[in-house]
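Next up, some structures in structure tokens.
Each of the next two complexes has chain A plus one other chain: chain B in the first, chain C in the second.
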Partner chain A sequence: MTELAIQGPQEDRQISLVQDAFARLAANKLAVLGMILVAVLFIIAAFGPWLTPYDFLDQDLMARNQPPSWNHWFGTDDLGRDILSRVIYGARTAVVVAFSTVFFSLIIGLFIGSIGGYFGGKVDAFVVWLIDITMSVPSLLVVIVINVSLKPSMVNWMDAKFMETGNEFYRNTIWVDFILVFGSMALIKWPKAARIIRGQIMSVRNKNYVLAAEALGVSTPNIIRRYVIPNSIGPVIVYISAALGEAMVLESSFSFLGVGVRPPIPSWGNMISDGLRVWQLYPHVLAAPAAALAVVTIAFSFLGDGLNDALNPRQWK
Partner chain B sequence: MRRYILSRLIRWIPSVFVLLLTIYALVFFGAGDPIKLIFLQAPGDVAYDPARVEAIREAAGLNRPFLVQFGDYLANVVQGDFGNSLVSGRSVNSMIQAALPVTLQIGLSAICIVSLLGIALGVIAGLNQNKLLDNVIVGFAMIIWGIPVFVSGPLIIVVLVLGFNQDVPYGWDGLFSPLVLVPLLVLGLNPMALIIRQARAGVLEVLSEDYVRTARAKGIPNLQVVLRHIMRPVLTPVVSQIGLLVIATLNNSILIEKVFGLPGLGRLTETAIKSSDYPVILAIVLIFSVVVMTSNLLVDISYPLLDPRAAAKRTENEE
Partner chain C sequence: MSAAEQHKRTEKILEVSNLHTRFKVRDGYLYAVNGVSFSLDKGEMLGVVGESGCGKSITMMSLIRLLPPAAEVTEGTVLLDGQDISQASSSEINAIRGAKVGMIFQDPMTSLNPFMKIGDQLIEGIRYHKKLTRVAALEKAAKYLELVGISNPDHRLTEYPHQLSGGMRQRVMIAMALIGEPDLVICDEPSTALDVTIQAQIVELVKELREKLNMSIIWITHDLSLLAGMVDRIMVMYGGQVVEEAVTDELYRAPRHPYTIGLLKSIPSLKTEAGSRLPSIGGAPPNLFAEPSGCPFAPRCSFRTDRCTREVPPLTPLQAGESDPLHRVACWVDVQQQGAAQ
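Presenting the complex of A and B:
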């Protein structure tokens, strides 16, 4: 009996980091709303092909520019394509691009940030300088320049490869769009990740509990797993949430400008830009993708703020 | 103080240089041959003749090594010459001279609006922490920050036209014409959350300081406490956001000038992208980057004026 009584609270403490954060998150109504919306977005993106009533490319020229109805919940566009289906596929585009961008910028950031944080001194000064330069670049423009300048040569290379090998894989240049989009975005977005990771490494490394664990002879993987990661993961999770939202906005911004993911692959950005041409006559063509994008970005910013409060309680003082 | 400014300047110059080199290399190696591009963009009757291309390339000095050409371009840029447009053949300088003032006027006015309104709202929110007013201000700012300008801009037009039977605010007629009002509001309100968040956090931090309590205890009127003792330390974190603010405003102006028909740098960028007009794109990237880096430099320089302790700490950290 006594053993049980002692074990109980200990077990509680083991999961208290996650539990504690989750309780605080659940208390924040806006964050919960954001979380639900983000979950819905992921589900829609994951199961898109099974959810869409029509194919996103199906053109029904007899039913062009129809207002919302039971057959077409969000109406149809100027080619008679079902807008609901296109919005759902746009969610897939947004989620794929956002996750790849955040994944690659985390990898670059982890690499550069930990080099700076670990070596310190001149290496660190260089890393900080690199972060500063990249951060002071007008991000949208540079992403555009990378896309516009590299695209023709990549497409040419794919064409040449196709001629050479006859491999069908090289024929589909949509992948070039996607790779260029998240590649260039990761090249612009890594500094924030690098800065956070560098800061976390520097602050946790010299904490007394890490030094104490070292002195007690705890092995390095164990130190990293038990002490370094739990104490530094908070800001990284907040970063991921914020960066996913930002990446979606950035992606749709430049497909709005006609760079990046190009028609006929639906992206909310190029759908908004299509809708802008006809909104006087058919406002629903503009409204659906615009509302989707607005709801998603607001959901991410609510979730991000909630996570920030829940995971970084020390900021409260 | 002078040493501080000098050290900032010394960091600024290589940053601009590295940026220029990167972007030039990207276009040089990525986009390929400018002569070919000119041919591809010429009207259909111009035949693509390799011998002629070679001759033009020779004459234009485009078969020289990359670094030589970059040096040449750099020398021209330093003298303020960005070359000629691939599409229209006009000098890039004249195109930029026509467009830059529009973007600068609107952008600067927008930044002023955000800063003033944002500080005021942020301080009010901080003074009313967790009350209704605070929640309304912060929620409002977050929602506006969440909606991209190329969504909110068109939506406002739709509401104005369909809801209020107003004319579409379209075109440019000087900074003081009513046409500018809507784009200015969209540009100015969107990044306000950046400022409000910092100002609010700054106020919360300062409120518990001894000198604020002392001032209150001495019976100084509340307004004066706010203006004298609370506002000044709040300015430092707010000023540190100006770099981000400038980037956000430039990005937004690229997106929104198309919507409101403003003949600024944003629209120039858009047309240049559509026609792969590299000299123009290069020039705009450069100008935007220099604007951002210069504003960062100004922020750095203004730190010691606002808070000598912060500057001392910054120099210390680097050494």
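Presenting the complex of A and C:
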């Protein structure tokens, strides 16, 4: 009786690896800060229209270039538009562009990278060649070429369609901007995803536990699903976090240069570009979007670093 | 002993003849296994010994075609329990792996999937082979964990590999290999990565399980001294070939191949004088980038003759009248006579 009492039921102290990784992430203060800021960004982006005090297009020509006040927290720009509302809408643009870009670049990268990593040999050599070629082309050049060559013809085609059919769908050409921005950014970003995935699959394929599973007669689809994917996903998650931040900066720099999202749709990049012309007189016009971009970029890099430490067992101490 | 008993005793679980495996490399092939033939009786334990890269692991992996993509088995037949599996399709091979042939690997630290609970990994094989439900399979897994000496098995099933020590993980690997109730278990240096006390425990465990479950075992190692008192028969490999094969005691007592003799001399013993140098075999392991044209050991052999570099010596039984009728050696020179003459 006493012995039984001493032993007792074994306390269930098991923790899953996901919980373990999360605990490591939660212990990292900067990563938590990054996580909170990213969460705030997503909430703002998701509920933007309900949060903004004004519409992002509303012009109040009597209140142009106002400094920050109770009515306009971040002030107004040269057309009297509320900058806070525009920054909030800019967050939407940034999140939509970043997610779509990362999504499409991951799909392309996953496909090409896993083919290279899985088959190896000549197929892999071709994949590596393709990655190197793509990475060697200056990304700005690709985006400018795509914009200059494709955008006018697409817009013309849409105008013609609108004239022909009168269908409202063809009237709004704003989404052409978005598609070209996602598309060209995915085209320049996929090689990085492909490289990471290729390397992961190659290394996991040669792991002893894959061999041990093969020795047990586990089928190939099951090995891929239960052994290869869970063991290769860590760096991909880290990549996603870092790539989201990078994509936002990239989108801003393209919009800044006038090849990204076009006004009047607010993007932090085109707002910075606008603000730059008048910043000596009205610094707040530049400060608000620039600060938003800086904070979000830092938040993503904190989160990415934290995820890298939490998910990479080699860095566990 | 009745005739039936006699037949049962000599029934073969495994018969391998003239196995060749090669690897495709940058310019040409690496000939890893060159005409290996051996057999294994039911319930027998065979030790396979040789230096790194001599083809001992690749030979055994070739049996169930557990080879890297660059390797191919070019020749040879493998009879597993009388059935030829050398031409089996990959799904047929998959059904044999784990169910008829179990494998225990060298490095328990990296042979378990860090993302799966011990229980789920243990039942991985039997769920496919035996079509058991998860609950029934887990019950069986707990039984096998207990069998390999893991206390509190029900709790261990819910743990992840990183929560277990190296010795425990090797026990889990053994349970994993045995749970499919295979007739043949191939142990690829299962104790090498462990420290000496745990190594002794694992060796004892395998010996004990062999008695209990009546399995046939192939134990691959580079440590000849480990095999004494453990295996029934020893096969010595060199350069992708079997150079000598004999019952354990006979091999220790009367080795016939110069390589085996060298190996035995290089085992430190208590009689070795303090401060004296341990004998070693001079030279480097053979280059396997060409098909062998002579005895692979010839360049390092002190008994070398002209014939040794021209013709590959076949593995032939010793003359009648020897104490072990199964003692076979691949050498052109009668080393014992030569040794006496020298």
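Assorted remarks:
We adopt the following convention: the second predicted complex is superposed on the first by the 295 of 317 C-alpha atoms of A that agree within 3 Å, B and C clash if a C-alpha of one lies under 4 Å from a C-alpha of the other, contacts with A are read in each partner's own complex, and residues count from 1 in each chain.
FYI, contacts are C-beta pairs under 8 Å (C-beta built on N, C-alpha and C of every residue); 3 or more make two chains touch, one makes a residue touch a chain.
Remember, predicted model here, so these are calculated numbers, not experimental data.
With the two structures aligned on chain A, chain B fits next to chain C without clashing.
In the superposed model, A:Gly120 lies in contact with chain C only, and not with chain B. In the overlay built on the shared chain, the residue A:Ala212 is in contact with chain C alone; chain B does not reach it. If you count the residues of chain A touched by chain B and by chain C, you find the higher number for B. When the two complexes are overlaid on their common chain A, residue A:Arg226 makes contact with chain C while staying clear of chain B. Contacts of A:Thr52 after superposition: neither chain B nor chain C is touched. By the touch criterion defined above, A:Asn308 reaches neither chain B nor chain C. By the touch criterion stated above, A:Asn270 is placed in contact with neither chain B nor chain C.
When the shared chain is aligned, no partner comes close enough to touch A:Asn28: not chain B, not chain C. Across the overlaid pair of complexes, the angle with its corner at the CA centre of chain A and arms to chain B and chain C is 90°, in steps of 10. The gap separating chain B from chain C in the superposed three-chain model is 6 Å, by closest C-alpha atoms. Touching of chain A by both chain B and chain C, each in its own complex, is seen for no residue at all. Chain A makes touch with chain C in their complex at residues 10, 12, 14, 16-17, 120, 206-209, 211-219, 222, 226-227, 230-231, 313. Residue ranges on chain A touching chain B, taken from their complex, read 30, 125, 129, 132-133, 135-142, 144-146, 148-150, 152-153, 245, 249, 252-253, 256-259, 269, 272-273, 275-276, 279-280, 283, 286, 290, 293-294, 297-298, 300-302, 305. Put simply, chain B touches chain A in their complex at residues 11, 15, 18-19, 23, 26-27, 30-32, 139, 142-143, 145-148, 150-152, 154-155, 157-158, 161-162, 243, 247, 250-251, 254-255, 258-259, 269-270, 273-274, 276, 278, 281, 284-285, 288-289, 292-293, 296, 318.
Those residues of chain C that touch chain A in the complex are listed here as 64, 66, 68-69, 94-99, 102-103, 105, 107, 110-116, 124-125, 128-129, 152, 155, 158-160, 163, 173, 176-177, 180.
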